[in-house]
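Both of the next two complexes hold chain A, though its partner changes from chain B to chain C.
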Partner chain A sequence: MADAVQTWLPGLQISARRSASRGLKQFLRHRSTIAFLMCLPLMIIIAALVIYPAFYSIYLSMLNKAQTRLVGLGNFTFLLSRDVFWMVVQQTAIFALTAVFFKALIGLVTAHLINNLPARGQRKWRGMLLVPWVIPLALSSLAWWWLFDPTHSAFNWIITGLGFHEIPWLSDPYWARFSVILVNVWYGAPFFLIMYLAALKSVPEQLYEAAAIDGANAWQKFRHITLPMMRNIIAITVLFSLIVTFANFDIVQIMTAGGPRNMTHVFATYAFMLGIRSGDLPLGAATSLFMFPILGIAAIFILRGVRKRGREIG
Partner chain B sequence: MAEVALRNVVKRFDEVEAVRSINLDIPDNEFVVLVGPSGCGKSTTLRMIAGLEEVTAGDIYIGGEIVNDLPPKDRDIAMVFQNYALYPHMTAFENMSFGLKLRRFPKDEIKRRVDNAARILDIAELLDRKPKALSGGQRQRVAMGRAIVRNPKVFLFDEPLSNLDAKLRVQMRTEIKRVHQMVKTTTVYVTHDQVEAMTLADRVVVMNGGAIEQIASPHDLYHNPKTRFVAGFIGSPAMNFIRCHMEQNGAGLRARISDKISLPVPASLTARYQPHSGKALILGLRPEHLTEPRRSDRDQNCEFDITLDVVEPMGMETMVYFTVDGQEICGRVDPGSAKGPGEVMRLHANMNHMHLIDPQTDAVL
Partner chain C sequence: MTMSHPLNAARPTRRSILKSAALGSAAALAAPYVKSTYAAGSLSIGVWDHWVPGANNALTKLCNEWGAKNNCEVKIDYITSQGEKDKLTAAAEAQAGTGHDIMSHRDWNIRIHQSNLEPVDDVISQLIKQYGPISPVAEYLAKFKGSWRGVPTTVGSQVKPCCSRFDLYQQHAGIDLRAMFPADESKWDKANTDKWTWDAYVESAQKLFKAGFPVGLPMGQTSDAVDWVGALFNAYGVVMVDAKDNIKINSDETRQAMEVARKIMEVSPPEVYAWDDAGNNRWLISGKGSGIMNPPSAWAVAKRDNPTVAQNCWTHPTPKGPKGRFVGQLPQFYGIWQFSKNKQAAKDLLLYISQKDAVAQLVAASYGYDLPSFKSMYDLDTWKTVEPPIGTVYGYPPRGDEQTSMAGAPARAEVGAQIYNQAINTVMISKFTQGHEKLDDVIKWAENELEGTLRA
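Here is the complex of A and B:
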């Protein structure tokens, strides 16, 4: 505060002493002006890459299939009347919620395990466990696709070797759902791991010492200290992951392409099928736009909790 | 309520020997202060009593029982940390009751104890605030409340006041003393502030370099320090250490500190210092015993003239600095009698309070 006043006072004095030709210089002196100018390039990029496409897709979603005339909300009402669309809504919800739940759980458990390792071992494990997150998703999805292959793959080879029946990983709808969720968890858990690890390190050691003296055992320390102290990080990470998972495309497209019988479609792959495969771009755009209000509501709820706790704990 | 004892307690962190064979006996209800310079092992000692650090060797007793292998929660101690270590997501009430809740106390008993502690500490109206909404002094009180409600055998404090501003620190110091008088409990208190140590303690433990230099009451520590370190550490400004030569003067002794100045050793101390006659020693004299000549304790032989270098008025008194034989010496005089820098002033040394230190062993003779 004092700092801000100091940097701006010379500006005032100069303007009082000298002529109006100094106006621009004084204008530039304002912190907010400079801040705005420095942010401008980013704002232009965001406008070009996010806002324009967003509005364009809204416009697109209101055209007819041939994109020759406006049909208003026609595409949306058409989608709402289709059973497959409702199946996609349900499947996306199942996909995103289960995947995020297990990612969060596995991330939390591994973060704890790693945090309790001696410092040198930590680095090694952290590096190794980050690998799934670093490999380009399209490539790793392909690798998983091979692993799941019914006849020549490693998984079924091991399973039959152990005397069990082959598992139709990707051809049975329910196994296919399981498989895509599994791969998504495998891919996304390291992100949670790294966020939680950072959060764990930020909890002051003395709180645990105070709790130890207060009589808390390991579980009680976790339950009463770690978890509440990490709730904001958990909430933000979950929100972030929820958005990304909800909009996931690569894994499902590469492994099942929505099949069998549309039973693994999520919003993105369904929109892709309608828009690109079947050539009805407006309908595809309308499908993907349905994600927006759903995620928006989730974001509002999660962020409200985060803000409230942030104010209290600080 | 319990006594605490440390027997040959050692703590080693890899290479560093933080605590070197400490022996300490604290009777029931005593308020003991560990004081010493930074890094001398005070916190480590306290944390070993708490069970937050394991002892490398030796035994710790609480209430007559060896507690070396007991975890902190089974030692029945409560600790107040320097930065309070309040749980940020809990209200003051929840912070204070957490330990009781974990120990499955009934709800009404918890409430009774918290209310009682809140009354003692005057924080009753703050109980449903979170730590963030409390001032430093209020957080400090909640942290103390958290210790009090447990009604433990031993209170442990690790520099609980050093995060407070000067005025609040004095206020909380009195508060801690008051609380200890109300809630009689064995207390170990760590600080590096000697004023805190002197005002709070029944007994002070002066530590240096991982070892105990002296254990004594504040009064004893001030008047009868056992080592040069203690003599220099307790008292502010610090005791003057002046090179001197013990000279025989008939039946008496004189401490010669320069060609011109030699001060007579009082008759009452002659016998004690007689064996050191003829040796080069260090004369320890506190600034408060180097004053302008005052009527009552006047002894012409103890007066000498010096030229002042620096004069620091403190209000109630004035510090005067001068050099003898290249050694800076501080005196503490009445503001009315202080001369300016560069001027000659007559000072009187109250030799009844002199100390003699052996420069080889640093022991007070």
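Here is the complex of A and C:
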């Protein structure tokens, strides 16, 4: 009996192992299952670091100052009644739209210039022009702040050396706005450059050759071939950059902290001032959430355009 | 220097403890601190990272001494205030309900986290018993519904009196600051010190501007700017919001103070509107400026980077106004989080580092920058002996008729925190002087902003 047991038990184990292995293989063969498993870590990270904080900040924005009771949309209606808040809305719009426009323009022009360089030179220029985007923003903002330093600005040293008057880079509100936008453009333009360069490389050369045979000039080639072929990339890049620029914090906080006279505050720095410095976290959360509908609407329109063009091409 | 244990002098007996317990909860608030036994363990502290090089070492040494005596491991994290990282850390710990046992809170932050902090009335009552009255500004900030939520620190607590170039004042404005405020309070002549008014300050600032050495008073939205404007406003009796939530900014006092500020801004470097808390220090150290309102940190750095400037610096009281002489005070506090697992040890450590012997070490390590909240400690040697020149920071602790003040007071502290941190007073002056807005419009704007701070 014992022998019999000894003879049939290993067989059972092997068969069970085979069946388990077959089951696992079948399980893993389901593409959706394996895809889900592979995405799970990312989903957990997003849930913990994006979804939970987002819902928590919505909850926070509906509390009173002492965080002891719910006030519904009270913080939002309060903000709408404040002059400084409307000034911040206006400034954020100026900051983001101006910066994104110039980043896109500079990125497009530079991408064209680089694309027309010989392949060997391209690599060098591509590397150099990406440097602003690679340096941590807090560090580069600090370097810019030194260059614009209110009392010992390196730029002013050169300007006065050339016999001109000093420029109040950070002490005059309008110059301060210019300065923070300039730094944002400097930092963000390489992102556009690299995206546009990739898009340019994907335009089939035959289209340009055909256009050349038809006698098209450079502008006509750009307008009728390059731009239509790049439209989706441009739209997505602008959307991405708008989101990042609307939410910008580092540059303004380091260079002006929102001053002078609150005239360089953007949503994030104003939210920081209300929430962290003044200790009114619910109001700070409400301020930062004001960006959400604005960017949401922009995203819907831009992505709808991208899908439409995608369908047309398809 | 030997250091006596703070509790040796008043170690309670079993009978006295039983007697105290019978006095009930009201008496408990004012009862002296009673050390209880606690198991050896660990204590973590988040402390403001000092500007003055080497000053952190004195606190580390004191904490380690206490730790060794009490068989308790003390872990200290020095957290910079650059970019408000200390405030961010405190906010995160308060929300998360976990973190250090003790956290240092700058100025209004103690008020912001009051509901998450352990009452420390027993520690404070013991300290008051030992050292007498505590600074009214500290009380205004840290006492919540009759209960203290923080122990005023020595480290980082400061006032912002004048730090002036006495050579330039004498040469270009004809004022001998060292004769007016010599390094011995008993020699201060009231008839002479009374001449140091805001009008005299304006007049001397105009002369120094003409001579090419303007005073450097910041007009940004950081604490150095808010504090000197707060002192000016108090000297003229300006009340932004009173303790009963009445908005009082539309007053003759405000108009007078704004006029003084306008005259000062006319003779100030135009970049003051962009200065952060280091801007005025750099201005003085560079040798371009004749005076600032700051703790002795500017002098201490000048001693290293520009000794000629340091040799000619003299710290002295602020100018006097119709309502008195006020100096901006920024105390810091140690708060014990309610989630701390070692509250008793935390209290014992705080009491230990608040003893006069310990305070003397901290003050010496910071070259007089750190200012305890007890007036009885203003006789420490450091302020008399540091140099150059000898006596240069003697006038740093408030002496004579100088009173400490806080911009935003006497409004409820929750309201005051908003007024202070949103820098409503300096924005008013910037709008009036840099933005050339009409004074009535500026006051109307301030009324609207102040109304916003009253939000429940």
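The definition used in the following text is that the second predicted complex is superposed on the first by the 283 of 314 C-alpha atoms of A that agree within 3 Å, B and C clash if a C-alpha of one lies under 4 Å from a C-alpha of the other, contacts with A are read in each partner's own complex, and residues count from 1 in each chain.
FYI, contacts are C-beta pairs under 8 Å (C-beta built on N, C-alpha and C of every residue); 3 or more make two chains touch, one makes a residue touch a chain.
Given the structure is predicted, the values throughout are model-derived calculations rather than measurements.
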First, second, both or neither for A:210, with chain B first and chain C second: first
Superposed model, chain A: greater residue contact from chain B or chain C: C
Which of chain B and chain C A:176 touches, first, second, both or neither: second
First, second, both or neither for A:77, with chain B first and chain C second: neither
Footprint overlap on chain A, where chain B in one structure and chain C in the other make contact: none
Touching residues on chain B, where the partner in the complex is chain A: 50-52, 71-73, 77-79, 81, 83, 85-89, 98-99, 102-103, 130, 132, 146, 150
Complex contact set, residues of chain A against chain B: 204, 206-207, 209-217, 220, 224-225, 228-229, 231, 309, 312-314
Chain A residues touching chain C - in the complex, by the definition given at the top: 64-66, 78, 81-84, 150-152, 168-172, 176, 253-254, 256-262, 272-281, 283
Chain A-touching residues of chain C, taken from the complex the two chains share: 83-84, 87-88, 91, 95, 108-109, 111-113, 115, 219-222, 269-276, 279, 282-283, 286, 288, 414, 417-418, 421-422, 427, 430-431, 434-435, 445, 448-449, 452, 455-456
